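In what follows, structures are represented as structure tokens.
In the two assemblies presented below, chain A is common to both, partnered first by chain B and then by chain C.
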Partner chain A sequence: MFTELSDTNFAETISTIETGIVICFKKLCPHCKNMEKVLEKFAKKNAGVPLFNLDSEENPKTMEGLKTDRIPTILVIKNGTVAAQKSGLMNPKEMIAFYEGV
Partner chain B sequence: MSYDKKQIKNVILIMLDTLQFNYLGCYGNEKIKTPNIDRFARQSVLFENAYSEGLPTIPVRRALLTGRYTLPYGGWQPLAADDTTIADILWGKNIQTALVYDTAPMRLSKFGYSRGFDYVDFCPGQELDHTSFADLPLDPAFKPEDYTSASMVWDKEGNLIDEDSQHLLDEIGCFLRQKQYWRSDADSYISRVVERSKRWLSDHRDKSRPFMLWIDSFDPHEPWDPPSVWTGEPCPYDPEYEGNPILLAPWTPVAGRITERECEHIRALYMEKITMVDKWIGRLLDSVREQGLWDETMIVLMSDHGQPMGNGEHGHGIMRKTRPWPYEELVHVPLMIRIPGIEENRRIKSFVQNVDVAVTILDVLEQLDSEDGLSDHGMKTYGAEDVQGNSLLPLMRGEVDSIRDFAIAGYYGMSWSIITEDYSYIHWLVSEEEKNHGDILDGGGKEMTEEMWTCTAGAKVEMPKHNELYDRKKDPFQLNNIADEQPDVAEKLLEKLKLFIGELRTT
Partner chain C sequence: MTDQYKYELVIIGGGPAGMTAAIYAAQAGIKTVILEKSVTGGLVNSTHTVSNFPSFPSIHGMHLMEKMREHVDGLNVPVEEVCELEKLELTSEMKTIETDEAVYETDAVILATGRKPIPLDIPVECEQVHYCAICDGPPYKNKKILVVGGGNSAFDESRYLLGIGIKHIHLVEMMDRFAAAQSTREELFSSGCVTAQLSARVTDLVLEDSNLVGAEVEDMKTGKKEMIEVDGVFVFIGQHPNNELFRSQVNLNQQGYILANTDMSTNIPGVFGAGDINEKVYRQITTAMNDGTIAALAAERFLRNR
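Let's turn to the complex of A and B:
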């Protein structure tokens, strides 16, 4: 369900995406696991929106560029750029509102 | 008679506030007389490991009305417009709803916990709206200081100990203004709630329609005012006591303020009050039988929480809910459910939570699959889409042995606890200073911050030093903290707790 991104391909991949979602996560982070479930529910209602993930511990350069060290952080990608980002938990309704509000 | 959903037309929920589970015969107490509740337990399915999640009174009502957890979302606050209650779901359906109550927190201005019930009958006077009677003249023979302990109120020089001292005397004065006219336990709050409930059942309801009746009795909550206090006779559970009856104690820790002997007497008065509540619940259940409703009515009998009542296992050093401490004596609750056709006199060991009760009621009323929608006139209607609890029917019918392998409890913004078969663990969201000195309602104004739901790269699970771990089999009342001895267990439980509460936050 998630296409993995890294410091090496993050910028290049993002620049090619018209619309998508990225979750910055950490292995063993309980909040990230919960947020992944929310994104799975989001995907069912938004089948055309690709999902990506980025391991925050293995990709510090990208995290530095995003100016956050907190995870989970959700990025909404629109027209090849990070149009919005938010750290913390959201329920499916909040996630859809966040995505549609950009 | 075998279970048939179609045969269950009605629901009666009996909430008895502040009824500690282990003060009932059916939960193993051999001293306190509760023959009517014990008999009801034999006619029901009894849940041995029922826990309330968010404490105290108000969050429990919110969870019971909505079937949703409160601990990740909010504490002592009004019912929100977004909350969908059982009464909201039953609107426009052929089930009449009624609420008979004297639980004053539910009646707080703008709190709205009676929203959506067809019939509402509130009996004033209990704690929080006791001031309703502050202007009544008081017979000079009744003095507030005669209904508490002098050493709880005044220091050795005869000065009031603190602001709470005057507040305590004023509150006792309000209760005395009501109770100066009491002649027997038929004047008690529980009798009024029971009599009004019986009257609704016999005179007011539409007997051609099914119903859900919610009876919310604040008794046996304090004031500790059982019959012996009014008759002047010795308390049957403490006949040797020679001091004043203690109608109320100060809202403080026990040390230096309430003696061990006084704690013991307060517990005896509480026992006597429970016996009185039991008598009136017996009359209520008799009335249900006499009116021919016994075989077509689901009956739930439960409490919202217990009560800290002194030192050690009785209350960890506090009297009343003075601190946001989610210990066993507070969070473990009695719960028994009778559904005609389901085998009686059974005891369930599985963990269950108060949020499961609403879901079970909706299941029995065949509303669990209902969805939000619009009426034919375009009015919004609401279904059970948002519930988070589990129906207890599969457990009660013996189809499964367990529906949860742990329970959670706590005070919003202040404490989270996880209870498993082997351990109980308490995670403090506040400093040790706030834990030991904060009020139970302080969490109500707290925001669940971004930091609470996130972590940083490279960071391990951060466990506050004042977290607590207990061996639940050897130490069920949580007196010997073993968090330092078993940090791995504590860390795993914290991770499990965070995962679960985070999951609730995202649903």
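Let's turn to the complex of A and C:
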């Protein structure tokens, strides 16, 4: 369900996406695991919105560019750019509101 | 249109108690589903090292819960995660559970809803107050933090935080002794990077430009207050029972825990309690699994004798 991103392909991939969601996560992070399930639920209702993930520990350059080291951090991609980002846990309703508010 | 489902047994909560109950129920041939508000594993997911689970001398909590989940999945028990429970009607013979997406009808229910962390009781909005070391610890590498709490969680999380490079921990506990296991205490204090303060409580947070610069800590014996310079606060001061959805129906003790019988039955026929949500002295993974086992076996007997 998630396409993996890295420091190598983050910028190039993002620039080609019309609309999408990225989760910056860390292994063994319970809130990240929770947020991934929220996004999977989100994707079932928004089939045209692709999901991506980025391991924050393995990709420090991208995290530095995003000016955050908190996880999980959700990025909303619109027209090839990071249109909004938010750190912390959201429930499904909050996630939909965050996405639709961009 | 809302989906409708019918099960013999609905387990609410996918921690060790709920998953153990699901394994026993599935093996008894009971049509069962787990409804979980978050993700399976419960609070164990946040435990850095589990060292008292028989057969695993040392294992990360999330890894242990993944193994338990694989067992549940192997028995084809459906699990609905990130499931927003909205209403429970438990007193009728046919019980109904409404979620944000579906309505479940069931003959029996096991309540294994567990507990949630108690928030720091300070009326200050501060982004540098945290409840998960793994999630929020990394930004504090080479910085000073305050840890509130003196139980196993506080010490276990503190060990993890030191491991990722926290410069110094000021540990504050309201009681006059630490409840954490002696070996855990000794390991943390041997680091030389921890200042411990008993009979003390956080009374205020000091912010500059919305960023935390310190915490006011009161010595509860003398009343003297001191400002401790810290960059972040991590809170591990225990948990509250997750009983909001059924506290008007199920008999609870004064603290809000289910008053379950020895077979985990409650005051309502067909409704069972299991795990940390039950009134008990010790709350461990193994005791939760004990409750889950008994609750499933009792539910099976209840369903068979209807």
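Everything below uses one rule, namely that the second predicted complex is superposed on the first by the 102 of 102 C-alpha atoms of A that agree within 3 Å, B and C clash if a C-alpha of one lies under 4 Å from a C-alpha of the other, contacts with A are read in each partner's own complex, and residues count from 1 in each chain.
The rule we apply is simple: a contact is a pair of C-beta atoms (placed from the backbone, for glycine too) under 8 Å apart; a residue touches a chain by one contact, two chains touch by 3 or more.
Everything numeric here is computed off the predicted structure, so don't read it as measured data.
Legend: residue contacts after superposition of the two complexes on their common chain; A:N34 is shown touching both chain B and chain C.
By the touch criterion stated above, A:I17 is placed in contact with neither chain B nor chain C. When both complexes are overlaid on chain A, the residue A:R70 reaches chain B and chain C alike. Looking at the shared chain after the overlay, A:N91 reaches both chain B and chain C. Put chain B and chain C next to each other and count what each touches on chain A; the higher total goes to B.
Contact with both chain B and chain C is seen for A:K26 once the two complexes are overlaid on the shared chain.
Where the contact sets of chain A with chain B and with chain C meet, they give residues 26, 28-31, 33-34, 37-38, 69-72, 91-92.
Every residue of chain C that touches chain A in the complex is listed here, in rising order: 38-39, 41, 45-46, 60, 62-63, 81-82, 84, 100, 132, 134-136, 138-139. Those residues of chain B whose C-beta lies close enough to touch chain A in the complex are 450-451, 453-458, 495, 498-499, 502-503, 505-507. Chain A contributes residues 26, 28-34, 37-38, 41, 69-72, 91-93 to its touches with chain C in the complex.
Across the interface of their complex, chain B is touched by residues 26, 28-31, 33-35, 37-38, 56-57, 60, 63, 69-73, 87-92 of chain A.
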